[in-house]
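Quick one: structure below, then a few questions.
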């Protein structure tokens, strides 16, 4: 992936992510999140993960974000009181977050992997490879995911249904 | 029966406690009688034990050795020798008296009280008889709970503070002891490849001098608090003052002995190398305790507090005897433990008697009681005299032997300790005078009833023992002798094994002891 | 041609039984509308059957799914422990659900699903499996926490738990990602070997560290513990019990799997990290517990403190440490469950009576509950002859054997501090006269059964601790 | 001073102490139920003890010189190498003491039956008195020093109980306590002495049997012996009321007067002298100790005599006189004249007991009045008392031919003979003072006008026979008791000294020339007469003179009347500081510092708890912040460690 | 040329942004969305690593992450709804009844 493409997109991604985090209007935040997800899908494509990219758009941006927007609309009738934290909190938290990014992104990666770390293979990222991995390496997690989703459904129903009278 | 007589002794009170729970709570008379019966049971068993005891042997007898937790080589090992025999007897002897003395005292939650009392007895007996360090620790901690309840539920106005203080103070020491026990066993396991908590095995562990010192510190903190050795004594006055009579009696009579017993059985023989550094410190603390306890006792306005501080002083004597590290001193110390158990136990019973009549323990509220309660006065007098070590009564025998032992290791210590026998007379007689002599000024004291038959039954055996043990201590000393000498021998062997440098230093210290 | 990995039915059995049980409960609830008591019975029955089946696996070794799911003593013991916990939770809930106005079906099903998650967690040797299992467990417990939807406190607790849980999940996942990046695998044995081989790799180190952080959240290690008091306090008490015991046990099983069995090298080289974590956790937990007035909150801090003790074992490491940790979990389970049972017993609808002062005078008035509470509190303190003592003994002896004497000393000093607040409960129960009379409802046989069972087990484990049976 | 000669087991020896013990048990056990029988039983058992002692004495004498009767009862204590036996020993010294104790004791018991006849607590009184007799007999018959110590403390106990017999009066109780505690101070020294002695014996035979000790004594290290004997002597100063521990004795007069006679004059207070005589073989090895003993003794003699001059309480005068006389005895021991000390002990027992009983009779007659300024003229009312009192006064003053004359003279003479001229001189001065204050007492009490208060005036009457008979008996003894120890060369000579020879050895001083001896005797008589004359002049001829002297020399008088303010000094220097220190130790150290530290630690934990729990703000983001911070710190720490 | 480290760095930055959002926002839903940002950062990391390793597993893991995210979203939003019903607010600062 060429730097000319990467850096502007990366910058955009960061801006969108920041918008999610910083925009006072939750709806705008949500939309920015959708943008972030789309942009990530683009990155996934660049990283030869087309299937993932597709799922990202369909499941994430499509399904999950709709749910979010729905809930935002449902619960957010009026304007809230001052949204943002004070500058002190912002600075401290921002600083800490930066340190974390530095630690995980810079220090960690600085060890082994150089700029030339990406080595695509033939058939890499194809559905077949993914499926094989999914049903061999991760068969049990895959099965267990069904339980997870069941729990989520039951849970959501239990929590969200109207109270018994 | 003799093979498991020790288990009978230990667990018969527990059995009693459990059975007691089955008695309906409103049948107070029945509960009292049952409690008395169940407390007499271990006494009988311990008499059987005494009768079967071979006084010529210094090792452990009636040993029961059963596997318990094989993973750590923990076993149920109990055994008795001349050192623990009498402490067991003291316990089983005092408990029925306490039960009897509480017949009048404890009106509320009678069943629970005796339940805890009997449980406590099991704990104490187990701690005296356990030969497995793990087992010992279990019993040691098990004692804490019933005592805590006895103080906290049936105690005086500040009882909660006192009870919590008692528990936390005591735990502070014992938890560190737990670490030390585990460490000791693990070192032994490393060396021998086998986990064991058997005391008799651990006596032979090869530890470095530094290690020994640390472990000794761990053990001795627990014991020093229990003793209580100055300056770890401040839980005692509170606990005594707030505890009900029976609780104080057991506390002073038996519980404190566990501290000194612990030193003798565990801390000293397990870590002989530590003694080089530790024994001067402990002798010094014992001496401070003797004098300090006596001085502070004198200015107490509360009878129980006075007796409590007197315990600090008396147990200072015991500690002095123990850390003289010679046959005579140690025998004296053990004897003094028994004496203190009897005389201080009796003092608390006596305080309980007047407290039950007047509901005050302030010395200033009394004066001139003799005329009103002559029998009481006579018994009080005897006990007081025993406490100040009058020759002919038990206290003297112990004190003299302790002084004799201490004199050998440090003359200065003996000289300072002797001042304790003066100061002891000062506070005891001062107290006695202020309570019993002088004019009967407080009208509330007029017409105070003398001892009832029950109270006499409680006190008379103690007084009899006080006199007997003063006049004829031989039967007791004779039994202790072999056990103490084997302890001393162990120390000697260890001393010889130590580096010559340390041995020389020891000699030198003995020389400059003046 | 794709060959599916061997299923390893035996390894799968415990978790599968529970999943099936959960589905059955749901189905029964859905199709026959039983009252919650009968559902409880069904659940209990299912748990009993599972327990028997799982117990039958004792001593078996094996794995499934290409070695990602393990069948070993640790997984079996944990499964048994988890099932027993679930049974007691269900038992005490059977007299409790109406208090919080909750119907049985979903509740029991969610409990069982969370148990399934725990069982898989304990058995997994693959980080992704671990993660999914953890999520199954967590999601179920999030929902259970908020299941009393009408309650402000319960929903607040659920919210906090969920937000922080998801936050922690992010860290955990990020750690897994870094580990994956560093080793190309999510399998613990591979990562462990890689760690030993390339110890200095910062990526690997960062991954392990974030993994520790993520699991640290679940076990409530300081400073990742702060959700604990609020959530414990707000959640329905029986759920709190499940959290304090089950979740913690499963999380620690994972910690054992990760840090003691596979990534032991981390503990060997960076033991001081765990040392500090352990010291902080127990100290903060104990010290803060002292000033608590609400018993559930106090127990929450106490559970933090116990996590600290457990971490002593993790920090010490060595071949004995897993056994010691699991034994501690076992002991901890029953005394803690019992304590929460008593909390349930003292409360009633609309009147939770969770203030410690509400317990004044209960000890003698309700001797059975009083005696049980004595056992639980003393056991939590670590007094013989109760389970807590045996557990601490085992744990500290491992620590001392491995040379962690200072940590053991810190541990016992912390026990001393803990005595102050555990014993205060007894002080209040037995030595104080009540300001207002709290009456304990009669006629709750299941609840009483669970309390008594917990007390008996606490005593039994204390007197005859099955140390020998714990060679993991 | 050789070892024991012939050791004869005598199985009835135990009867001597056993009778009084039996009496004690009987009286205490039956108390009021005994009724009047108590007046028979209590003196009776002592009488029986006397008979037993007499029998033993007979056996001893008939066995010839050097014989010792012993009876081993049982081994009392044995621990390690140490053992102590309950063994009784009846040698000449014990014999003298036992006879004096039982004899005088019997008389006083009889007297008490009258004196205490109306006291409702009579049983208790006799119980104590019997117990005392038992303890005293144990003391004098003990073979083992530790057994001796039992008696030693036992008599102390009885003294305590009897001083405080009328405990309703606070002063009495306090006096008893004071006696006990001051004695304890001495006892502490005594115990230390025993300890030192025991360890110096070597590990093989740590036992304090007198016979054994005697054999081993010469092999002991001289320094050790000196220290040990000095320590033992401290014990003696306590029990026998010597400087500086004499202060309890005057206060002890609070007890019933017969008690003062028996315990605080005749028997118990002489225990110190007895003990030193018993261990004479040891003390003789320590010249430094002997010198100290001599000088302490004689200083006490003079010191107490000066105080006695200015006292107005009849019993106080006698008390200081006792202290003074005990001082003589110590001086005697100190100069090596052990037998003389014991001799004086015996005669003193007779005449001092008599004086006290006489005083008791007077007090009894005057309804409790003890101030001699409010007595006078009693000679006419109570002739028996007067005459016996006169005999005793003459005896104590050293008037020729009475018992005191022989014994005191022997002491002074031997002091002189052994070269202790200083001691002789001081002793002589004290003798003069003794004569003065004793006659002052006599004159003020029995001569002149009765100055008693109105209500007491009607009372004066002679005491009943039960009291006067013992007076007479003691009077006879006081008169003739000295003839057993005549000066060398006079009559049958010093039979007493010869009798004791086997135990205490013979006096080792020069043999004085007959002329010197006569001269010294003359001096003694002269000084005594001088005292008598001055007293006569002051109190019969010129009754106003003493007041004038007191006025003129008010400084000295105040010091003397105030007993040199020793009590006050002790109070100021020891008692009060100790109390203050104890209070400080308790309130500041114990409650403040030690307990403060303990509670402080607990408080610290809870304060911290309160403080830090506020971090738990309830806001979920602060929790997340803690989480994030923890993660960052953990990562940082690992990286840093990874680098290093 | 852009290498793996760039992607990892980008992922780290995204993760940090998400973290900051969790800590800074008051609206529960936005906080939750920040968590989604964190999860997406994780996904980016997985995909990048997978690519660099030439391994499919990383991509499969992303499926799981998405599934979990979906499940969490369902439960989380339900909890938010319940909490909103109980208290009529989505401001986390007001959810502080449980404290100390």
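Chains here go by letter, A, B, C, D and E, matching the order in which they are written, and residues are numbered from 1 within each.
Definition applied: a residue touches a chain if its C-beta (ideal position, glycine included) is under 8 Å from a C-beta of that chain, and two chains touch if they have at least 3 such contacts.
Remember, it's a predicted structure, so these values are computed and weren't measured experimentally.
Q: Spelling it out: a chain qualifies if it touches chain B and also touches chain D; which chains qualify?
A: Correct list: C.
Q: If every chain is reduced to the average of its C-alpha atoms, which one ends up farthest from chain D?
A: A
Q: So, comparing each chain's Cα centre against the centre of all protein Cα atoms, which one is closest?
A: Of all chains shown, the one whose C-alpha centre lies nearest the global C-alpha mean is B.
Q: Taking the mean of the C-alpha atoms as each chain's centre, how many Å separate chain B from chain E?
A: Centre separation, chain B to chain E: 65 Å.
Q: Where the CA atoms of chain A average out and where those of chain B average out, how many Å apart are those spots?
A: So the centroids are 70 Å from each other.
Q: Taking each chain's centre as the mean of its CA atoms, how far is chain D from chain E in angstrom?
A: That pair's centroid distance is 97 Å.
Q: If you average the CA atoms of chain C and of chain E, how many Å lie between those two points?
A: For chain C versus chain E, the centre distance works out to 26 Å.
Q: Mind pulling the residue numbers of chain C that touch at least two other chains?
A: Expected reply: 128, 131-132, 135, 139, 142-143, 146, 149-150, 158-160, 163, 167, 174, 178, 181, 200, 202, 205-206, 210, 229-230, 420.
Q: Tell me, which residues of chain B touch at least two other chains?
A: In chain B, residues 168 touch at least two other chains, as defined above.
Q: Where in chain E do residues touch two or more other chains at once?
A: 8, 11, 15, 18-19, 22-24, 31-32, 48, 50, 52, 57, 61, 64, 68, 71-72, 75, 78-80, 82, 92, 95, 97-99
Q: On the basis of the stated criterion, which chains touch which? Give every pair.
A: According to the stated criterion, the contacting chain pairs are A-C, A-D, A-E, B-C, B-D, C-D, C-E, D-E.
Q: Write out the stretch or stretches of chain C touching chain E in their complex.
A: The contact residues of chain C facing chain E are 128, 131-132, 135, 139, 142-143, 146, 149-153, 155-160, 162-163, 166-167, 169-170, 173-174, 176-178, 180-181, 184-186, 229-231, 233-234.
Q: Report the residues of chain C in contact with chain D in the complex, numbered from low to high.
A: Spelled out, the residues of chain C in touch with chain D are 159-160, 163-164, 167-168, 171, 200, 202, 205-206, 209-210, 212-213, 216-217, 222-224, 226-227, 229-230, 270, 272-273, 284, 287-292, 417, 420.
Q: Which of the residues in chain D come into contact with chain E in the complex?
A: My answer: residues 613-614, 616-621, 624-625, 628.
Q: With touch defined as at the start, can you tell me which chain A residues reach chain E in the complex?
A: For chain A paired with chain E, touching residues are 1-3, 6, 10, 13-14, 17-18, 20-22, 26, 29-30, 33, 36-37, 40, 43-44, 47-49, 51-52, 55-56, 59-60, 63-64, 67-68, 71-72, 74-76, 80-81, 83-85, 89-90, 93-94, 96-98, 100-102, 104-106, 108-110, 113-121, 124-125, 129-130, 132-134, 137-138, 141-142, 145, 148-149, 151-153, 155-160.
Q: Looking at the complex, which residues from chain E come into contact with chain D?
A: 19, 22-24, 31, 92-93, 95-100
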